[in-house]
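The same chain A turns up in both complexes below, where it pairs with chain B and then with chain C.
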Partner chain A sequence: MAPEEMGKVTYRMRLIFAASSLLFVAVLAVSPVKDLLREWKHYKRGYLQFARTRPDTKRLTADYRPDLDQIWIPEMNVVDRCASCHQGITQATLADGSVPQPYRAHPPIPHRVREWGCTPCHRGQGVATEVAEAHETTLAWEQPILPGRYVQGACGSCHHDARPELPKLNRGRQLLADHNCAGCHRLQDIERSVMQGPDLTSVGTKVSREWIYKWLKEPRTVVDDSGNVKVNGYETQESPRMPQFRLSEQELHDLSAYLSAQRSHPVAPYKFSGAVVAKWGKRPDVTDQGELRFRQMFCSTCHSLAVTRAGETKLIGGEIGPELTKVGSKVNPDWLAAWLLNPQGYLAHSKMPRYEWSEEDLFTVTRYIETKLTDSDLLSNVPQLGAATKEEIAHGKKTFSEKGCASCHAVGSSGTQKDFGPDLSALGSKNVSQLEFGKSTIPRNLSSYIQAKITDPSSVNSAARMPQYNFNAADLEAITTALLSMTGPPATSALQKLTIPRGNPQFQPAGEFARIYERYQCADCHKFNGYGGDLAPDLSYEGSRAQRQWIISFLKNPQTLRPTLTFRMPQFNMSEREAAVLADYLSMVMQSPDVRQEAVNAKELTPAQAALGKQLYEVKYQCQSCHTIGSGGGYVGPNLNNAGNWLKPEWIAAWLSNPQALVPGTIEPHRTMTDGEIKALTAYLMTLRQSGGKAAQKQVAAHGAKAGGNGVAGQ
Partner chain B sequence: MRHRSLLLLCALAILPGIEGCHKAAAPAKPDPLRNAYDVEVDANDPTHLIGLSYQQAQGKRVFYTNCVWCHADATPAGPSNRSNLTPVPPLMNDGATLNGVSDEFMQSIITLGGSAMGKSAMMPPWGRTLSPDDIKAVIAYTRAIAQPAYQPPARAASPYSREAGPGPATK
Partner chain C sequence: MATTLQASLDRLRATRVWKSIFRRGPAVTNRSRSQAVFGNLFLHWLPVKVREKALTVRASYYLGSISFLLFIALTVTGILLMFYYHPAVPQAYRDMKDLRFVVSNGVFLRNVHRLAAHLMVLLVFWHMFHVFYRGGYKPPHEFNWVVGVILLLLTLFLSYTGYLLPWDQLAFWAITVGSNIISAMPFVGSKMRFILLGGNVVGENALLRFYVLHVVVLPLAAFFFIGVHFWRVQKDGGLTVRSKNDGKK
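Our next item is the complex of A and B:
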């Protein structure tokens, strides 16, 4: 270049300068343009446009800000930006199904969406600002959004208690407990019960080798492909207990040999007294008498039998104990008598109450079971197995431990083994990369994995030892939900404060009451301070509710108070003394702090009050729509014919003023009554006595007639 | 016991379907999904299940706890109390009767009881037993199962009534 041209700006240089400036501006512009085109901004602008099409635009856009919406919950370590796109999530007017996503409102739930955000319930990645990253599995984020049908699983990771709003989760937890999943797996909130399956220490004295073979091949309760549970071919609502293991013919031979050789405590035949045998031994109606006593003792409250009515065979009876239609062909008669006399002598943790048997009852009932509850074809498809050889027994013992039988069944003094299967107590927080899918082609996510594992354990792991469960679609969903809720212990102490622990009620009485309580297994059906079964009334406050004398006569001859109930309390044939001990304990200990004895003085209740109470009962409050007095009235509440002998007046008064305070969740409506009305109704109910109270009732009737029409109209 | 009651519950759910068709349709094979709270059997097609929203599902739960005894022909415990009562209470899915009743009236009669609203005193007040949300949920459930189907009242043409709020939006 010549020196005179040095300072001269050529056209070419200008061009280069202009081009590079333009390029520079363009490069500078990339970032703002990219920012402008972000996915979430697109939805933000879209929301504004969408809101303009709605009649309430102003309200919908009142909170609108053009930047990211973020919810931060430090306790849960949640940063949630979902509302940046889900703009209308709290707008009640956008709840309609026609509103396009992501602008639709969340349906009303107990948690405020603005406070809790989305990810605590729906999981997914809260900090993400792109649709795919927030919702799906990506390389950097392996916890996709929980499908809507499992959302109760997320509720369960904080709510360890059983809430009625979460039926699917509760059902799943129930199924996990019922199927003894805790026998092999460690599960969050579901502990191993004292007895998973029966103790097999002396099973050889109870059943034959052939029966064991049949049982192992097809357990009593079988679930067919459509999820229907069948017992001996009859459909039942019971949940199956012993699962079906995939056992080879050889394993069946070995296991049945090993188990039938377990006879640690041989049973001696029961010696009936000569008088009973002489009286009943030859009578043709001995089984009829046995059946009658079987019914009168209300064995059917816990055990079902197949009954044929109008050509249709159905199981009738309860589900606490096993179905007994063919039990006579199953058990050894000597074992049966020993069992009925003392169930806990054979199985320490059996739920069966120890009845007070008379010789005659025991004789006739065992005869009935041995001759009527039988099926000659029960073992027809079982090969003749003969006596067990030493070799078979040794092999059987090995198979027993290899198959994990010892997780649920104890043999000898060794007890059961824990943790045969993998620990599942934090399954719900596992990442996809931690799961082994094997050769299966199922979608790569946690819920599909859990379902595949339960429906066919060998599909994801050919060496799986887990037995086969045939759950129906609904139960499978429920179990998956419950497993997804198990996220292990909270990661931070702050999160621990947010979790609602599961109540763990215990009831440990002492003394003479405890002995009788254990004997009749009261907690199988009744609840005591939150502990016990659901079949029968909660007895936590029975001492405040019922009169001692009534409790005694009820225990000696239980009647049903509710006409709709098909189950009745069994007749244990308990002695006067036992009934008195139970009644004393209930009266003294099982009391409600809300029922004060001095609140109502029974002696001060006048016939005039009772007459007013009768009118209140019949006209103003129309209690007869649910309760029966005499022969008229409804079926919903208990029959009040004997209320005066049954209930304590202070209980009636406290109950009428607030029933839910005494029995949470009871369906008796909480009404607004004045103290005078409560006294009047109490006075009336206390006159209702089935025996000996006729005079008092007549008095009320006479008084009521006198009072005539001027009673309630002015109330 | 619990399972049996659920079975009855599903029988109840099928009943209106049979009645609605006025023919003796054979009861469909019991599907355990019917027992779940978040679905309801389609009254016109017993094999079809309708999904319920969270609120409707909560309503179904409240219904089966408190209302089913008198407002259904079968109950979890077996016989219904409905036939005992005079006047006979309406079935909860009886759209012909209940579709014409406003949500506000339903809310009031459930909260305050029948006698407060000039109806039978046999309907007790539930306002101190159930929460307002429970009662709203029951109404939502009633609307979801109504036969014939419930149509929300058409909004009037007034510019105010198109607003969802209780009064005219002046904002």
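Our next item is the complex of A and C:
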């Protein structure tokens, strides 16, 4: 370039400069244009158009602003921009299913959306303003939105207590507890129970090696994919306790050998006195008598038996104890009598009450079980196993620990082992990248993983030690929901404050009452201050409800107040003294603060009031549609024939003024009565007394026998 | 039109305000031109006269200038990003999300900052190689070579400290690995690591330290050394330009 051309810009250079400037501006414009076309702005505009098609446009757009909408809750660390697209979320008129998403309103829930945000329950990425980022697992976000069918799992991460609004979650937690998942896994809110599976320290004295083999091979048979459970070939609602392990033939041999060799703490076989054997041993009706006693004692309240009726066989009876149809072919006769006398002597944590047996009853019932509740085909498919060799026992011991059997079953004094399986107490907040999917082709998300792992553990990990469970679709969903609720401790102390702890009901009586309470295992069926089973009435306020004398006579000879119920209180053959101790304790301790003794003075109730009460009972309030007095009335509520001897007047008064306050959830209608009417009805009910004594008891015993006969008819 | 423009410019130059700012008349002679350069803070560290050859693309490929422009771009976008960023756990990552989802052109800002940073590291290396192979380290350029090496290190430190700030998994592990490399130094390694991280783990303290280094200490140092670098280019006689005699005896 010559010096005179210096500083001169050629035409070509200008052109290049102009073109590159234009290009530069165009590139710079990309970002603002993209900003203008953001997804949420599209949905915002869409909402305005949609609102115009609705009759209440004005109301729907009253709060409309063209900006981003967000719910900001600093103390919960929530910034949810979901409402930017989900514009109609709080509009009651948009709740209809025909309203297109994202404009549909949220279904009514106890929490207000504006106060709780969206992601605390639904998860997903609240700060995102793009559809995919907000809902799905993306490169920079691993907690996708919780599918609607598991949303109760989200409730459970704060609500550790059982709430009636969350049936699926409660069911899932119940299943996890029932199946002893806590035996191998650490779980949130579900503690290891004292006894997971039976203690096997002396199992060799109870059952044969062949039976162990059979049980290990098919603890429960599952008939179809929907997971219907069959016990001994009979369909049941009971949840199977022992899962199916994938055991090889060799492992079955070894394990059965090892277990049948466990006889370290045998119970002493019970020897019947010569007189009883002489009296009953040869009588042909010994089993009939045994069956009668079996029914009268209401064993069926806890144990079920297969019953064939009209060509259909099904299990009838309770689920607290095991099904007994073929138990005679299972257990050793020597062991059986010793067990019935003192179940806790063999299995310290057994739920079975210690009945007060007469020797005759024990003999006949044992005979009945041994000879009638049998199945000669039970062990027909089991190969000849012979005596256990030393080598088999050694191998069996190894297999026992490798398969994690010791997580649920104790052998010897060592107790059960903890944490055999992975800790699942924070499973619900696991990221997808932390899960092992193996070669399976299931969708890559947490809920699919949980379901695959439960239905077939080897599908995601061929070396899985976990046994196989067979749940129907609903239960699988419930369990998944419960597992998803276990998100570990809250991330912040602010969230910690929001959690509602699980109620931990405890009832620890002391003294003589405690001994009898433990002996008859009252808490298997009854609740005491929130602790115990729910088969029978809650006894937390029994002292305010029932008169002491009535409790004593009931315990000695339980008569039913509700004839339509299948399950009855067993007859324990309790002594007068035991009954009196229980009645004293219940009357003194189990009192309701809402029932005040001074509220009603029984002596002031006049016959005139009683007459008025009778009229109210029969005409105004029509109580007889549910309750029976004499021979007429309904069967929904308890029989009131003996109300005067049974109930305390102050209880009746408090009950009539507000039944749900005393027993939440009771179906007794809450009527508004005047104090006078309450007094009158109380007076009337207190006049209803059956003459005590033997006649009534006889009638009750006969009734019990009849009812028991109904329960297990066909045997 | 050109004349009216010229006339109005002349009128402007005659005003008192203009004169108070620029202090001299139009640069029409070589002397007044060089005075204009000397008298201007922003120009005075450039040479008054440049050899024509030094301006051609092949002389330098403008590598140093582009690196400087990138540094300016990084400063501008960095300051804008600072308006949206808290060097705190876990707010730092939330700010990344906000930049992506809420801040107008937030993604653009972040991307410009990040890409410019990557490009700057690349160009600074290229610049160094170019200068090296042209023999630019030879006398009288030794001192400026050393300043250049310091600038290279500052660029790398800036890049490294900026890497932690998004507070995502990538950042966390990159800094964990990086700081463990430091601790491999004999004798002082673990102390150095402790000083850098403000503790023994990559946590809130480390984030704060890296932030202060990234937005205050290192940029100021870089500005200072860039100034020295440019100044010395001029004082050392301009760019090293290949002469026709290069490579010949």
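By our rule, the second predicted complex is superposed on the first by the 652 of 715 C-alpha atoms of A that agree within 3 Å, B and C clash if a C-alpha of one lies under 4 Å from a C-alpha of the other, contacts with A are read in each partner's own complex, and residues count from 1 in each chain.
The rule we apply is simple: a residue touches a chain if its C-beta (ideal position, glycine included) is under 8 Å from a C-beta of that chain, and two chains touch if they have at least 3 such contacts.
In this text the structure is predicted, and so the values were computed from the model without any measurement.
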Touched partner set for A:130, first chain B, second chain C, both or neither: second
Which of chain B and chain C A:31 touches, first, second, both or neither: second
Partner chain in contact with A:633 - chain B first, chain C second, else both or neither: first
Which of chain B and chain C A:68 touches, first, second, both or neither: second
When both partners are placed on the shared chain, which of chain B and chain C touches more of chain A: B
Touching partner for A:55 - first (chain B), second (chain C), both, neither: first
Residues of chain A defined as touching chain B within the complex: 55-56, 58-59, 62, 92-93, 107-109, 164-165, 167-168, 171, 226-227, 237-239, 318-319, 472-475, 534-535, 562, 564-567, 619-622, 625-626, 633-636, 660, 665, 667-672
Complex interface listing, chain C residues touching chain A: 52, 94, 97-98, 101-102, 104-105, 107-108, 168
Chain C partner contacts - residues on chain A that touch it in the complex: 1, 6, 30-32, 34-35, 68, 79, 81, 125, 127-130, 133, 140
For the chain B and chain A complex, residues of the former touching the latter: 1-4, 6-7, 29, 31-33, 35-38, 53-55, 58, 61, 65-66, 69-70, 75, 77-81, 84-85, 115, 120-122, 124-126, 128-129, 133, 159, 162-165, 169, 171
